[in-house]
Amino acid sequence: MAAEARHLETSVPILADIDIVTARQQGRALAERVGFIGSDLTVIATVISELGRNMLTYAEKGVIRLRPHYFGGRRGIMVVAEDEGPGIVDVELALQDAYSTSKSLGLGLPGTRRLMDEFDIVSVLGKGTKVTVTKWVS
Amino acid sequence: MAAEARHLETSVPILADIDIVTARQQGRALAERVGFIGSDLTVIATVISELGRNMLTYAEKGVIRLRPHYFGGRRGIMVVAEDEGPGIVDVELALQDAYSTSKSLGLGLPGTRRLMDEFDIVSVLGKGTKVTVTKWVS
Amino acid sequence: MQVPILKQGDFLIASIQAALTDADLRQLQDDLVHRVSIYRSLGVIVDVTALDVLDSFACRTLSGIAQMTRLRGAKTVVVGIQPDVAFTLVQMGLRLEGVATTLDLEEGLALFNRPTN
Amino acid sequence: MQVPILKQGDFLIASIQAALTDADLRQLQDDLVHRVSIYRSLGVIVDVTALDVLDSFACRTLSGIAQMTRLRGAKTVVVGIQPDVAFTLVQMGLRLEGVATTLDLEEGLALFNRPTN
């Protein structure tokens, strides 16, 4: 069993595509510390990758915060991806499979939602976008 | 490109679990002849396995027919699994994820439906069950 | 078609050589659970490289092996799942519950020799 | 982190050694498409054993490699997809369109030497 790892919160600025690699490696490492194993580690790294790329593509830059999360006897990891980009015009649409404004696959957000246990998105036009996702150790 | 393989229809009686192995090997071989590649071959073999096992479990025996299928310029494979078992009381229910009358996973029928392009089931209580599925070469 | 089980130190390695019937799979589960008890093994590796299909029964059996050996203190790793098999499994809605997976035997053994958390 | 590409007879083998940035992946695609043309290669193998993530961009790039090399008469095989990576990919809703997959390099090469249909 992993000891509690509350103090291990980290923050990765996403300014270039190498930062996405850094963020997902840190996410995986933190997830291991929290007690995740196997394909959950891959899931967490993949989600960080998708959120990080969206920032670079649509908002030029942003920050990914990785946080051990303990609640109601459960432990997990929370990933917060926050940028000050243009925001999303239609969030409902952005969450649909295959919707993309960049000739991309349009599976980043809906895929992330499927992979994680909790998913929240707040986007304000002209202000920015904040995606908060959590996965619990099962 | 595969030459047309209309004459290659085969029929595999399912009387014991070794017959399931035979049926899925024949199904895979036929699918290759028809022109399937990669994970489609795995999909077809898996579906045959699920349908064959259901026959043994719930109807004691049955027959699996494998048939090259050409229609509207498309080519594919049709798998027909037919038994004279007890039939299914509630087909709607049997098609739902995780519904099983045998402490099994209950994913055989719904999973088969997800994997194939066409899915048809006819079941008559006291008469038997016939599942007909088709996959097209993409 | 019985599956040979190799004892290698603290680990058991089951190398599936060809397509298995449901009865073979059941036998494999019984054999592994039995030997984990006798040898007090710390880990079980099941090599499925030779399998071109993992259907719901096979998944259930592999999860069952993991669950029953865990009760005896051993961890189960399934190695050699073909990518097409992995894709199909998830598309069906199946999961290998409680089972760790690696690409090959080498990585599987490495997993045991790593400090676990 | 450039990906070394080996020419082995009629085939090209790209062995990814470590995590790649999106720019690295784009570069890999350009390099492979370019060399398939020059060498008139019949097949391309991309070894992704070292990748612990295949996200939507990586999938799109691998599918793009397959599509563009196919126009030049070559087939693409991706080898070494970790099972966990395969599971995650499908759960996300991703597919490796037009890409053949095998467990390892050996099987990948065998695929080319088999009569195709």
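Per-chain numbering from 1; labels A, B, C and D assigned in written order.
Here is the rule we use: a residue touches a chain if its C-beta (ideal position, glycine included) is under 8 Å from a C-beta of that chain, and two chains touch if they have at least 3 such contacts.
Being a predicted model, the structure only gives us computed values, none of them experimental.
Visitor: Between subunit A and subunit B, how many steps is the shortest route if every step has to go to a touching chain?
Guide: 2
Visitor: Need the most distant chain from subunit C, centre defined as the mean of C-alpha atoms.
Guide: The chain farthest from subunit C, judged by C-alpha centres, is A.
Visitor: Using the average of all C-alpha atoms in each chain as its centre, how far is it in Å between subunit B and subunit D?
Guide: Whole-Å distance between the two chain centres: 32.
Visitor: Using mean CA coordinates as chain centres, what's the gap between subunit A and subunit D in Å?
Guide: About 27 Å separates the centre of subunit A from that of subunit D.
Visitor: Could you list which residues of subunit C touch at least two other chains?
Guide: In subunit C, the residues touching two or more other chains are 82-84, 87, 91, 101.
Visitor: Two or more other chains touching the same residue: where does that happen in subunit B?
Guide: Within subunit B, the residues that touch at least two other chains are 38-39.
Visitor: Name the shape of the chain contact graph, picking from line, ring, star, complete and other.
Guide: other
Visitor: Can you give me every chain pair that touches, using the contact definition above?
Guide: A-C, A-D, B-C, B-D, C-D
Visitor: Within the complex, which stretch of subunit D touches subunit B?
Guide: Where subunit D meets subunit B, its residues are 99-101, 117.
Visitor: State the interface residues of subunit A toward subunit D in the complex, per the touch definition above.
Guide: Checking each residue of subunit A against subunit D gives 17-18, 20-21, 24-25, 28, 38-39, 41-43, 45-46, 49-50, 53, 97, 104-105, 107-108, 110-112, 114-115.
Visitor: Which stretch or stretches of subunit C touch subunit D in the complex?
Guide: 49, 78, 80-84, 86-87, 89-91, 95, 101-104
Visitor: Please output the residues of subunit A touching subunit C within their complex, sorted ascending.
Guide: For subunit A paired with subunit C, touching residues are 1-2, 32-33, 35, 37-39.
Visitor: If you look only at subunit D, which of its residues touch subunit A in the complex?
Guide: 19-23, 52-57, 59-60, 82-85, 87-88, 91-94
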